[in-house]
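In the two complexes that follow, chain A is the common piece, with chain B as its partner first and chain C second.
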Partner chain A sequence: MAKYERQYYNKGDPIARNRQRIVDPNTKLEKLRTIPDEGFLSILGHRNFGEAYKSVHPPLSELGEPEDPMRDLVPPTEGAKAGDIVDTLVMTDSVYDAPLAVYLRAWMLHNRVRGLDTGCYSGRNTVEMRARDLEDAGRMLLETEVCDARRNHLRQMTCTGHSCRLDQDGLMFDAVRRTKMEGTDVIYVKNGFGNPIDKPVSIGKGLSDEELKKRTVIYRYDNIPNLVLEEVVNPRPDEEVKETIQWIRRIMRQRLYGNLNPELIKEDAYENLEQLELKPRY
Partner chain B sequence: MAYLTEKIDLYNDRGQVIESGIPLEAVTPVQNPAVREIADTFKRSIAVNLAGAQKALSTGHYANEYIHLPDIPNKADLPIKSGPYGKPKAVRTRTWDVPLVENADTLAAKLKEKLQVDADDGTEVKIMKKGAMFYVKPSQKLCTTGIEYTTALTATAQAMTDLVMEEFDDILDFHAAPLVHTAFYGRYPSTYEFMGGNVISLLAASCANEGPGFALRNLMVNHIVAITRRRTMEAMALSSTLEAISHLEMGDAIGRWRRWQSLVYAYQGLNANNIVYDLVKECGSGTTGDVVGATIGRALEDKVIRVQKTLPSGFKFYTALDPSLWNAYTCAGTAAAVIVNQGAARAAQGVASTVLYFNDMIDHETGLPSAGYADGVGNGISMSFFSHSIYGGGSPGVFHGNHIVTRHSKGFLIPCVAAAVALDAGTAVYGPEATSGLVGDIFSEIDLLREPMESVAKSAAEIKNKF
Partner chain C sequence: MSQTRTSRENTVVEEGKYWDPHAVEGHLEKGKTWERMQIRDDCGNMFKSKFGDIDFTDRHTEYYRFNGVLQSKRKSEAWEIAKRITKERGIPNYNPDLHLHGVQMGQRMLQTYKITGLEREWAGAEDTPAHPGWVPGTGIYGIEMDDVNYENNMAMQQSRDDISRTAINGMNISHETIERRFGKEVTPETINTYMEMLNHNLGAGALIQEHVTETNPELVKDCYAIMFTGDDDVADAIDPRFITNIDTHFPEYQVPQLKEQLKGKMYQVCRIPTMALRTSDGGLARAWVGQQASLAYVGAYDIPAGDAVTSDFVFTIKHGDVVFSGTALPYRRAQRVNSIGGVPYGYYADICQSSRTPEAVKGLDGGIDPVKVTVEALTPGCVLTDQGWLHNYLAGGSSSWASYVMSVYTDEILEDPSYYGADWGIHHYKCGVGEVPNTLENGMQIAEVVGQHFLASYDLYPAMCEAHFGGSQRFLLQCAAIGAATGCLTGDTDLGQTMWMYNTHIQKEHCMRLGFYGHDMQDQMGCGHNASYRSDQSCPYELRNMNFPDQAMHVGHVGGYIGICGGSAHARGAAYCTNPVIKVAYADHEHIQFDWRYPRREYGRGALHDFMPAGERTVVCPSYAGGITANLPPMYEKKR
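For the complex of A and B:
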């Protein structure tokens, strides 16, 4: 049988297509900027430029791994081989048409990166990996199209308050003022932890508001009205949109009914499930 | 009553078939003799830390805790060892040099005598680590007379207290009895658990269980990993076996859930039909996302799911031809994803993240519910919180099934955690070496516990013709 080809995400509307592009590892992300090593390390704030990686255990070759067939099947990453410590990178995204959103980051990373630990909490996405793997992943997160200079920032701490506010120049609000605008360029003047850095790092200029609207992965009433307020704004959404919404509801419904009875979701029970829904009189 | 007669093949962790054509019924905890023996071993296995008891008696440092002393005026004059924050933590009490380790041979023989109920009733007392430890296994007759699992521990602890008082009556006087009791029992009965005791059971005191049937789930993942000597799939198998027994005990594997639960155990824990191995082999150099694709591919190939309808954009919805089997496939996929992702990092901490996003992606890829019908998603997210951030910092190794965030998984989460911890190369503060060295030393000698996949498969083959 032919290998199963993943669908990743539905392609029903422009925003879903943007999401699909990002989570699909077969799509090469467009590189927008190159941050020099020194600048990248200084805003990450874990080690100085030229400093060796800190390690938590000896390299695997010295450590000697126990006999285990699974270890033979799964090669360790470079960072794991060297015994690097596990470092953290926290990214945060504005809700104003950012090209990447918090929860989607986790999906994207799990599809594109090996050996990671990631979680989403309160408007931020934390990525924890072996130090040198983290730097590779960090470059992808900061240098490619998934990072807009004004709307996606690296903030190791104090993300709070970012999402709903924009400064007058369109820059995402930051309580610690890590970033500022110089002309059209966005400059990091502090590292992720909020400590001032010697040489401010420019990450170039952000996309225009029109371009952001095209690239965004966030459903907002002002970009795709018929999805958010399906029945209020657009009483008759097209077939695909309708079905996509039904699809999400179907997952939730199957979770619920499956947990009542494992066989309830069998084959064509999808139609039968409709009958199980609460009658209006309840 | 109807037997689960569908046939499965059981494979080992090298992808070689151990036994084929096994009816599913033969691996269920109720029927499989090896599984029952594993439960019995856990119930009856006791370690006595003789060196620990000797040290407690000779230093006055009992039960890993100093005796707390109130703030008294002349405390500076007392032989008090100050604890953190400048508070007095310990008072030196009476001490005795009792040569327990030197007399280990005599003590072992007398302990056996005390525990035996009949001659040759199967009571075992093994001297380990040059007399520093005993491995004690009281007889089945003694341990199954009561209806709880505590007899082994209480009988051994009481026998040791009694024995030491009796044997060393030239050194210890009448007033030493409570402290000898503390040296073996720990702080019990001041605490409801046997806190810091030198008679150690793998199972916690029954009042420490979250609810009915949690006894075998209340076993730290680090212990399981140490027992199986860090062998990933064996650790998963042992953990899954304990979960399977517990779920039976909790009333979760009855009626319509019986097949569902048995399939989870077979496919995730025992590598039935080689699914976990195949998925890891196929995606070993890949990502969690690759395992999502491979799992769905395998389910389609084995006709567990099929396409239900295609949207105008070409997006397909799937439907399950056999929902219980589909659930078992996703559980196997979850385990494979953890092995792939955490194996790549050789760090256990991401297990919750992998469980969460693997299951979430499989939900949205197919439109079908994922492992545990979305329990996996819930467990993943809550375990992420409890193993990271501000909500507390246990590394995955100290988790067990008797925990507020893991107890809702129907037998598939803790095996994944065990796999991740087994693959960890030493990033965790509380790794198996730190918490479970002793347990590992003692119990990894038992083949049944160290290689449960083989034991369960062999014993299933023996009874397969009954169903």
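For the complex of A and C:
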């Protein structure tokens, strides 16, 4: 019997492989840039460089915690230990071949960090964590391959622009114009809240459109589509259809059968369920 | 046959042209695909009116040069008005400079909108109480988002009022009581007398008592009583002014269905004054009519003013045979019956009269067009449940979430994939609408065909993706298109709705995003819930309303469900979706203020400020009546 190994996502096509790599916490994300601390904090907009973290309660070591097996099982994060305030970070991703998109960011963060509260909207992710944990996560979200300078932006408010056409430089529309091009580099001239910052922060050059098409996690009909009409109307055996489509069909069927008549799940089950020793449970 | 109608400077109405459905080749033969070039042309024209002459495949454009709100006629007007109000009353009013710490709305183009589908209509030219006649085929372009905000659009408000102010009572129990308990004979002549008395006292007049107050008829001229029955002999004997004639109002194939259900029962439909809703909710309609109808019966039949006997009789009117348009709401939302939150989705589909229009009966392949019915029923469904109900009772605020709602009935974007799916299905399964076997496999195939078409449209035409700048809009529309196509092809509402849910998976895995936080909650659950009817988790969609636990919490769904209910019923060849009484009760387009046959057109006319709502009080206001305050200057100039 094969040992169960968590896969995180399928690898049936280039887009799916990009998604799998990002979601898998065992994969090291490629670092594309280093933002200096002062610049990073200025665009985040929560505290000034050198300022202490704000607290909502004393450090746990001073607070004293009751005996609790769950507290022993779940160690606190650094921010929780210190009693930090919970802060928010909001990211917006363009629909045009961004290297990260909304739900994938949430899945990625859930697999890679702890102490996370994230929300998925259509145009943004909210990430709420203890302040110092948030800054660590923010570094990952802004400095690594999951952030393209022109397609993924930090926007704490008024996030409209993910589905608007790009401007002539390939930047997303931003009503408050937090970012601008300086030559080939993207610079933040305002922080996430739209307040001007003293020293603009450069986050470097954006990836080329061709490179973005290779790294993107979004299926698109001008790149690699998910559903193709020909595959839909001339059904081939499941093994020949994109694995992502196989999974969405399976999930739909199983959810429906689970409510309609759970006996039908047995008939629909895949062979490898036997390998997972799940068959006896049905 | 054509005319050009313009209203405000910023709103353009295209010259109407007569659209002959029979001029399209190959549309009458079953199994042939009808290339709906008309819709694609209309979609292209819409984009030109919105964005100008651009390359729609170009993903780049310019921003930050549109001069903020000054690019919008409506917002510019609003700003001028607000400056005057601020000066008059001394408290600041609307000020676009406060937006985003001084960055006005309008850093990108503030889009204008086109009402979908009006060019493809050819009927409904009559005058109605709200407005003079319309030239069918006239298009409406260039309306602004503010024009379809619920607070700014009188047609939207009137559509809500028309539901809340309608009271439907069966007359048979009352007649039986009169004959048995009072020994009076009920004849067509007495019924005519009763109806005349009811129309006298329903809004304005006193009937049986000295020295009582009455109402200025001008204030309540939208108030009337009418009746209908499935019995042809009775219908022929009643004064034609008081009856909704099923034969003349419904297509030939729908008449026997309605009459078979209604049989010999007689129903009266009373519309209480719109003005009355200012002081109460829809529950007032039943009580109002109970009172006035009782008095009319007393006057018409000389019923003595007894106690026990009279109270038994009044019970028959107020309670005995009442058909509510909507149920009462639970404590949290606290509204009585006839509230738009309590109207079942199937009732909304029946209230919309699109299924009896010539376009719905002879629109698709020369036969019934359930897609037309779907998109027409979906429009007031979205407006009333999202803007009128959930916005007010769930979220509050003033913006009324017009953006979700307007995406479904503007810009041709919903109709194109819905017809695409229907056409593909007719061609692929080689049968007509409503005839595709309602299996899960077929449903998923239809969903994937429509889904890939819609996703490709958004991907290949960036301007379209910008037109629907919110993921919730795109999600709602794609779900609605898939549900519409599936429901129209199979005639199965539940399968259509379940395929709506399937789109959650399709769209999420394609673009890794859906709608706002929690938007897809009921859709994820619906995959399973639709297949299992349990008291607090599931139910036939026709019988659900906004009380339903899943649906009471998010906008951007219910209107689509309503459309699918209506479209699926039409695809099955049904005359009504859920309740024939509701269907006929709202069929009197010549009397009711909001023309339920063409909701999109009505909302468009509301956007043009071309819709006169009922309940205006001008006749008793100072400047009109010449009352004692008529010569005083405006209020804010006089310090009090």
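By our rule, the second predicted complex is superposed on the first by the 237 of 282 C-alpha atoms of A that agree within 3 Å, B and C clash if a C-alpha of one lies under 4 Å from a C-alpha of the other, contacts with A are read in each partner's own complex, and residues count from 1 in each chain.
Criterion: contacts are C-beta pairs under 8 Å (C-beta built on N, C-alpha and C of every residue); 3 or more make two chains touch, one makes a residue touch a chain.
Remember, it's a predicted structure, so these values are computed and weren't measured experimentally.
By the touch criterion defined above, A:Arg165 reaches chain C but does not reach chain B.
Of the two partners chain B and chain C, it is B that touches the larger number of chain A residues. Applying the stated contact rule after C-alpha superposition, one finds that A:Arg177 touches chain C and leaves chain B untouched. Residue contacts after overlaying the shared chain place A:Ile251 against chain B and chain C alike. With both structures placed on the common chain, the touch criterion links A:Val102 to chain C but leaves chain B unconnected. Using the contact criterion defined above for the overlaid structures, shared-chain residue A:Asn259 touches chain B and also reaches chain C.
Looking at the shared chain after the overlay, A:Asp117 reaches chain B, while chain C stays out of its contact range.
Contact with chain C, but none with chain B, is seen for A:Tyr221 once the two complexes are overlaid on the shared chain.
Judged by the touch definition given at the top, the superposed model places A:Glu128 against chain B, while chain C stays out of reach. Of the two partner chains placed by the overlay, neither chain B nor chain C lies in contact with A:Gly64.
When both complexes are aligned on chain A by C-alpha atoms, chain A residues 119, 121, 126, 244, 247, 251, 255, 258-259 touch chain B in the first and chain C in the second.
Those residues of chain A whose C-beta lies close enough to touch chain C in the complex are 19, 93, 95-96, 101-104, 119-123, 126, 158, 160, 162-168, 170, 173, 175-177, 194-195, 217-222, 225-229, 232-233, 235, 244, 247-249, 251-253, 255-260. Within the complex formed with chain A, the residues of chain C that make contact are 58-64, 100-101, 103, 105, 107-108, 428, 440, 444-445, 448-449, 451-453, 455-456, 459-460, 462-463, 465-466, 468-472, 474-475, 498, 501-502, 505-506, 508-517, 519, 527-532. On the chain B side of its complex with chain A, the touching residues are 13-15, 229-233, 256-257, 260, 277, 280-281, 284-289, 292-294, 296-297, 300-301, 308, 311-317, 319-324, 327, 339-347, 349-350, 352-354, 357-358, 360-361, 363-365, 367-369, 373-375, 384-385, 388-389, 419, 422-423, 425-427. Considering their complex, residues 1, 3-12, 23, 25, 56-57, 60, 63, 65-71, 73-77, 79-80, 83, 85-86, 106-107, 110-119, 121, 126, 128-130, 133, 239-240, 243-244, 247, 250-251, 254-255, 258-259, 261-268, 270 of chain A touch chain B.
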